[in-house]
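Two complexes, one shared chain (subunit A), two partners (subunit B, subunit C).
Moving on to the complex of A and B:
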């Protein structure tokens, strides 16, 4: 009897990984096909981003640095979309740019084109795309002094000075808010060290959930006006702009996936605990 | 000096000027490299690189830290060409230097492509194990390059209703239909590995592990809507509201995570400063050509 029980608890610790993969896939598919709507309340960090967008003076631009690619698109894609909704709903003009990885500029451009069409926003008047700019800190240092010269051509290869919304845009003082959307570490440090810290340009950000914990100190010190944390932040922004979309679905899926992982951890530990107790009793 | 450097770095006004500039730049670079190669040994090269690194770091550091004035380029009496923006003597050079560094940095992309072609070309030529993967690299790179450039330089459509040119359609198919899903799928596999690893490795063997697990559970549940749903019966204001899972999750992130992260950031910053100084002064072992003695 004791032998059988010990074997049972040991088996609890050794569920084959393929069963775990199948369970997770089942939970994901279940929630995509039959989503259970759950309440989503904007956090302080997300509200901070929205308020920072709303507070940008009409004569200034919002600069959205879309430093992400397809690998983090599940989180950063909906973040970008919700943020563009927030800009256009608040009648703010915005420019997209990209420091790294280069494919982010096209992905963000596709999103901006689609969202702008919903609001009848015109390229070059309400929004524009400055394209991929190589050089991280060099780009930021030079851009702070002279935006048209540093940026040169837009995403489509036309001079940015030809765009109506760029009239009067000279240096970083023409930017009312920088929003950094990224799945890469260290880019934020450039923005805060070279732009926010030096010129006092308001700064907000959107990160993948896994990297967000590292940036809470900047939020706490008010160097960052707000922060979107992963798909959760995107879903909260979707609530604020009244456009429930992909992130809201993702949060349902993620909720139940987290529950599954917690259940698995508990099961594994119960197996470990009982197997150890049985082992001690036998000893 | 900065004005002449700035004008030299401006885009060529005509195609003929572009070709002339390109030929002059390539010829000049080849000549300079040939002279350096002929007259500088490994020791001389090391000194040259150390010198350029020191001057570059000194320039950027001084420009950042020197005082600035709106009317003059401090510390000289030269009038500031852009009085709206405070500047010092070195500030006008920031733009051309930034462009120059970007151009130099862009060469590393070409170097990367050359290196990849060399490695994979050797694999294909010598039919090494996995050579078909190297062949796939060449096919993928050429396909993206050809159709990407083709689509980019096609004349733009006047009306959106016009059918897309086939080169652009092929490029969209390669980018949106192949590259993006492949990259996204690779990253999404992590979810399965994390679930499996958490189940297998996360065991409460010590008090610290128990603490970590409690924090992980609170954050994992508090960061998703199900956390708010589970404790939705609790009031949203007052002392009890603190025990709502989303509030507890926020508390862990803001009050426990933030001080720990701040400590880590301070440590990293000090380490980075020390490392930067060592590289700037060429004191770091293995920085340049150390293998050449």
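Moving on to the complex of A and C:
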């Protein structure tokens, strides 16, 4: 059982967690309702994703693997939206697919429908949804050799071969860029181990902030063209596509929440240092 | 109440219900956790059927008369012999098949994943026409020092005694400091991710849910 704090500095180390939650909620609500915007500058990793999209040849598709679900939607949702804006602004055709969890393909489809309507992009011509395909490495190995046969039906249950944009799409050579959006570790390894590393298909990614640090070595070794890191990466992409939206708000609020956390860390450590000094003096 | 409003209210009530865990463990948050788990499982089953099994297995077997697909679920069901001592060997057959396939895949994936990262560790340590001294020292030398010291931290075969051992010990200590810095950066990212998710929910509650009946809140949204 924790010993009850008696001294002034000891109390700083034992602030009840409810107060911290309330403070954090207050800062978040304050900044959502009365924002004080801070500048957002795109990083090299985000710029790399944008440049990779712009560099895709017109006769090739961009494949967006939306392997996320509602639990990470605050980060991966805005990433998906900003990336679709980037595809459509650069007049690139794209296909959505999903390896796991299946919720991502529906959520991404809703985003794609909404964004495509803004640009007048048509389903089957400018973009399509290959749906949820179960089987991880089996799907990727088969898809590399024969996309129409592996995918079969699209998200709506119609054969993908009926879609105008799928005419001429045979194997992985028809894909100009794979973008993996995920909150799950290990799916990237499938894409790099079975597609990028074997066929040289350009690869970029968008991760939740939790898992992103583990994938910087892939960026350093040029196995990835670029990487969006959590809501920060999404906000940077929103800057590049000139569409400030949800992630821009999240990052602004985030910055102020981080200020609070830094202050709390300093207060806690000051409490610890002063309490230790006082304890030594008493001894 | 139209379906859109009902969905909005259900999402808001579920969000608030799950967040009651912040006060303490309670039946309301448990209820919504169970609802979420049940919904996810149900959704997965429907999607596996609708987007995979129906088109890839059921239709070919029933409508295209590819009768041999009937063996697929039979082979899959052999897994359940794990509960029988007498027929356990049947379960082991399919498990062996899966282990072998997984090992083969891993072996195939390993080199394309990791060999480029090994090559990327060999960076020029002298300036030339393509890279200046500032970049070489700031990026490549720093990278090389961190790489070697961190690797020395994981070198446990030599005791940190004697002249060479003590040098190795100092290098390992420096490597540990670099590792701590990396873990700090990872932890910072984790904090950022968790707060992002919280902000996302608060955005929903304020801008979408409250905004649906108090327009001022909707106007404060992105």
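The criterion applied here is as follows: the second predicted complex is superposed on the first by the 277 of 283 C-alpha atoms of A that agree within 3 Å, B and C clash if a C-alpha of one lies under 4 Å from a C-alpha of the other, contacts with A are read in each partner's own complex, and residues count from 1 in each chain.
In this text, contacts are C-beta pairs under 8 Å (C-beta built on N, C-alpha and C of every residue); 3 or more make two chains touch, one makes a residue touch a chain.
Predicted model, so just to flag it, every value in this text is computed and none were measured.
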{"item": "Subunit C versus subunit B on the shared subunit A, clash or fit after superposition", "value": "clash"}
{"item": "First, second, both or neither for A:61, with subunit B first and subunit C second", "value": "neither"}
{"item": "First (subunit B), second (subunit C), both or neither touched by A:244", "value": "second"}
{"item": "Partner chain(s) touched by A:88 [first = subunit B, second = subunit C, both, neither]", "value": "neither"}
{"item": "Subunit B versus subunit C as contact partner of A:152, first or second or both or neither", "value": "both"}
{"item": "Contacts of A:74 with subunit B and subunit C, given as first, second, both or neither", "value": "both"}
{"item": "Touched partner set for A:131, first subunit B, second subunit C, both or neither", "value": "second"}
{"item": "Contacts of A:43 with subunit B and subunit C, given as first, second, both or neither", "value": "first"}
{"item": "Partner chain in contact with A:171 - subunit B first, subunit C second, else both or neither", "value": "first"}
{"item": "Which superposed partner A:269 touches (first subunit B, second subunit C, both, neither)", "value": "first"}
{"item": "Residues on subunit A lying within both footprints (that of subunit B and that of subunit C)", "value": "21, 24-25, 69, 71-74, 103, 133-135, 152, 157, 209, 213-214, 217, 220, 229-230, 232, 254, 257-258, 261"}
{"item": "Contact footprint of subunit A on subunit B as seen in their complex", "value": "11, 60, 84-85, 91, 94-95, 97-99, 101-102, 105-106, 109, 152, 156, 175, 179-181, 183-184, 186-188, 191-192, 194-196, 198-200, 202-204, 213, 217, 220-221, 223-229, 232, 246, 250, 253-254, 257-258, 261-262, 264-265"}
{"item": "In the complex with subunit A, residue positions of subunit C that touch it", "value": "22-23, 40, 43-44, 47-48, 50-52, 55-56, 105, 108-113, 116-117, 119-120, 182, 185-186, 189-203, 206-207, 217, 220-222"}
{"item": "Contacting residues of subunit A [partner subunit B, same complex]", "value": "15, 17, 20-21, 24-25, 38-41, 43-44, 69-74, 103, 106-107, 133-135, 138-139, 141-142, 145-146, 149-150, 152, 156-157, 170-171, 173, 209, 213-217, 220, 229-230, 232, 235, 251-252, 254-262, 264-265, 267-269, 272-273"}
{"item": "Subunit C partner contacts - residues on subunit A that touch it in the complex", "value": "18, 21, 24-25, 28-29, 32-34, 69, 71-75, 77, 101-103, 105, 131-135, 137, 152-153, 155, 157, 189-190, 192-194, 196-198, 208-210, 212-214, 217-218, 220-223, 229-232, 244-246, 248-250, 253-254, 257-258, 261"}
